[in-house]
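Letters A, B, C, D and E mark the chains in the order given here, with residues in each chain numbered from 1 onward.
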């Protein structure tokens, strides 16, 4: 939680820094940064669903797909302005998400996870069938938006847009966590029956969590499509959903910092491995199985040492720093 | 000594890497061979390969790295969605992209001006299959993986079949990793199918061939170029006999050109299949364009390469794939789509077909 | 039998809960560990039985000796093998297993099938309520039934030493007496050693021969039951003899 | 009618492959409450190892098969010892994530050692199918059918009647309680992984026989999820029966749905619709035990 | 006698063969301190579960004249019913403060949007703030204030019991259901809690129904006592009367009282 001043100042500084530094980055690094930012936004939603409400979704990528396709459709086929189109895409995704969240009324744990797995398969199939919306196997292009008179065609500008959305998402995330809804999420996760008797409308809370998570997914999906300037259904497959799950778990459940760090992890680790290989050879191909294996090992070893995720490791470092600057509060974390 | 640096985007880890690996291996082996034989007028070529595991965002990032940091004029690419995703960036950075996916989207110079490939696109190949059925006489059933390249030519096949008066008697689906194809075979039997178009990979085609045999159905499969490969023959064993394919390249060892000899000598023997050969052909095609630029005294860059490609008329790289022609308005590499059949455990060309442009 | 020397326990690497306590449980005797909420009684038992680790705790210093052998920081598995059984606060049954299966799990370390069957029959006889519920999943039992099951399950293993954390909790007055009677009977007939944590101090001092009072992580008072019964402090704070006077022991604040 | 019957029969025998693979997942879940996302990769590696042993040693299939099982035991032990043991107190999701990581590593090993091109598996079962009138089924499926029934009986009895089985169920029910009873958790986990790995190895050899070996075999791990959930995550009988149900559904779905609805690709998706519907009525699958929420 | 606040009529419930409650009837009047006793497994907790909506029994349970059976359990706090649990049902990963706040959350009307806009004028920071202050007060009253930021799972058993009580109290209930609130406490602590319950009952007019095995406390503070055995009501009346009942002595107290 960004509870104390240290964190707040740090966060503002980080955002300002990103906004400035990004403008001087090359295409490649900017692409990675944009991807991290969009993934982080999407992960915040999943993290609220999984980390805070305790419901596993193996359909997050499919929901991103709903957002990506519907925003592209709204903008290109219906001619809606970009900003309302993105938000509307988020809402559409949210409605779809809540429909697929209905089984949470009765299902728990792994069984609910499997219902979402079914959602992933069904949505993916629906994408394949809906050529008018998705372009079928060929995908469809998604233009970068013009918003409030500003064109975001340029990648550097587009990054600022993604960053703005991510910051808004993060602020909303924190605010939800510290208010009634956030507590209801946690209560439902920890003990839903007791929560119910304490006045928490469990079903509504679960559906709200689904709606919220998928809204994030929808908006992030729309931005993701615009970042790639192209939406293909393959980008929203089961393995991507699992990748998001991995992202959130490695990042740290129920923590905003976790969503961000996890996104960075998932995007950067393979790229860093590539960069290392490219330093010695011009061919990452022969090393591909090794790189894949190393990636798997990093995941395993990392979780061995920090099963609570990057956020916890970060927290520890932060605490250490605080203690050493002497400003730290002695609260238990 | 100067060096020309090209890019490569491969899939060696994700599903479909069974074709991704030999393809990129073919590209690299060909460049090695070209370099050993004088390079591009003395200049050596280096390929920076980034493995992207069939992942769309990773491919986009890798492309940006190649085009932005390495400033390559040309990238050897891979599959359908990832290659389509690169189109805007390829256009913007004027970088040539050579995928091994032959989807229609990428052969239209208006949409993808910098895309060049070595083979007929999926739809042309599919149309040829329909014409083959007309030629043999019989009806056609379709089986394909819903989604993916398998489905890509289906609409065009239906269209062609209608034109040719070939009846489509059944339409079935089959996944990439099928447990069996009995259900589909039962359907085909019921429908009395004679020829079956298969849009999938070799494993699925092998399963279908085995189950056809087991259920005593004599229908013949016509595989697309990812289904009817050497691996199909290996996996289906004796059950492969008699089935057809629209082969993407000349089968290994069936012609006697320097390129094929080099392939045989390359030490990749076990990996030598259509994917490898098409990769090889792709590199040779790129090399030819570069040589044309050298001859014309133009520097090697994206726009110039595009110009060179578009000058090509009936160029068959080492005889490995049917002759290739590009024009500024038409990037369909070839309209020549021969049909092969398994005879005595080998792919044998049984029908030559050239479609009108 | 059991000796604890200068034991310090911390949770989550920082929070110190026990601050150097020492006590002793002689073989075949019952010793009571008394104290207010949060004094560290359960923590002490967990430290002895090896159940501390799964709660994020650790022994920071000090020694635990079992029959002269150092067993500090031993895992629960080893402690059970050495004959130490812990009936935990909160019962920790196997909610999905039936009552009977729960009891059988108690005999995990036992080999003799005939004896297990005999013990099972005996415990079902001691607690007829459990006999009635024998094939109900333990998760459905009432609080008191769960408590009976937890105690019976622990004793199924024929331990040599039992750590009992608030055995009377949730039991009806009738059953409290019954349980204590059974405990005493078993203790005497089998020569078991008991370390008993019990809030019902009166009862505890009736059946235990010696007692320690834990306050804020330190042993404040110790003595034989009779001495303790006469202790003014104990009377004031634990025995409730002074009636309605509202008194409360300040809890150990976390560091 | 013949068509319909053919589909049903084929669905039943082919579904037994799912049963087989599903069993491996259930076994681990039953003892450790971990959903093993590396199940498909275990299966895949089992198949490759068996092939390798056959090719390198040239021993008859049965001997190679047994050696493969031996290898699976060692692999399971290694995974348990090196990784899972150290994840003891970790949150369940982290453990699930670790199994995903292990899956990635195993996949990388297969890619590195054997490559991605599919390799034909030596013919273990006679090519001759068995004519059941309306369909001919290959002997492979018949074996898988018999084996999955045998496994069902065996493991069903194991969990119900043996001590180790009881201890495994207890461990899954409450790890902490098991620990306090002196159950060496690591040993129990190791046993569960060993059994599951062996079952996966059998599954791998069977599936490898269908269309040759390729890294794509690991898809089975995911493909059987509907079967596992349909039956109930912790039910041996459930996994076996619902594997068959899924097989039948897939066949019927593939056989009829497209003509009925005009939509493509419904066959593989249909089981998921039915899965959700069944879960709505029975939230823990057909045979799964109810989740007891303690208050 | 004051108006009946809670009327339980002919309530019955069985769990697949186990008859947990059989035709239990009683009523609790406004302002009463009512105790329920009975042997283990008598159905006391089950009765609470029926009142608070975990189970749907046969019969009728009326609160302030409103039928509760069949109503969603999350509506209980709104109606004014709050409870604690025998086996402690705190949210283990959450801090004590958050645990307590959940109790009063039913009163907050802030939805998603107002949560997102926390600090803005439209946001819910004001409401949240005042609730937090109230929660702090009650936590102080129960002596768990210093644990405000500690996760509930890290507390000693007795402390958890107090937190549960605090969570119930912040809801400002009209009817408080306490399931063995003093289990696992020393007699001094018990007395403190007993005094608190009495105070709540007398000063704040909260009607209390309490399950408790400590007869000393029950006798001392309750107005009337209901005795259940095998799911049936075997006695109901003032404590002194009930304790003399031979059936109660046999089933619950044992001969030696």
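We take it that a contact is a pair of C-beta atoms (placed from the backbone, for glycine too) under 8 Å apart; a residue touches a chain by one contact, two chains touch by 3 or more.
Because the structure is a prediction, the values reported are computed rather than measured.
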item: Starting at chain B, fewest touch steps before arriving at chain D; value: 1
item: Contact-richer chain pair (by C-beta pairs counted) among C-D and C-E; value: C-E
item: Cα-centroid distance, chain A relative to chain B, in whole angstrom; value: 36
item: Chain D-chain E separation of Cα centroids, rounded to whole Å; value: 47
item: Chain centre separation in whole Å, for chain D relative to chain A (CA means); value: 31
item: Centroid distance [mean C-alpha coordinates] between chain E and chain A, Å; value: 41
item: Where chain E touches two or more other chains, by residue; value: 54, 85-87, 89, 150
item: Chain B residues counted as touching two or more neighbouring chains; value: 12-13, 146-147, 151
item: Multi-partner residues of chain D (at least 2 other chains); value: 89, 107-108, 111, 264-265, 268, 294-295
item: Chain A partner contacts - residues on chain D that touch it in the complex; value: 29, 35, 37, 83, 86-87, 89-91, 93-98, 100-105, 107-109, 111-112, 222, 225-226, 229, 233, 263-266, 268-269, 272-273, 275-276, 279-280, 283-285, 288, 291, 293, 295
item: In the complex with chain B, residue positions of chain D that touch it; value: 3, 6-7, 10-11, 14, 17-18, 107-108, 111, 115-120, 123, 127, 129, 135-138, 141, 207, 210-212, 214-217, 219-220, 223, 247, 250-251, 254-255, 258, 264-265, 267-268
item: Interfacial residue positions of chain B with respect to chain D in the complex; value: 12-13, 15, 17-18, 20-22, 146-147, 151, 171-173, 175-180, 182-184, 186-187, 190, 202-204, 206-207, 210, 214-216, 231, 234-235, 237-238, 271, 273
item: Residues of chain B touching chain A in the complex; value: 5, 8, 10, 12-14, 24-25, 28, 46-51, 53-54, 56-58, 60-62, 64-65, 67-69, 80-82, 84-85, 87-89, 103-105, 146-149, 151-152
item: Of chain A, residues touching chain E in the complex; value: 171-172, 174-176, 178-184, 186-187, 189-191, 193-202, 208, 212, 331-332
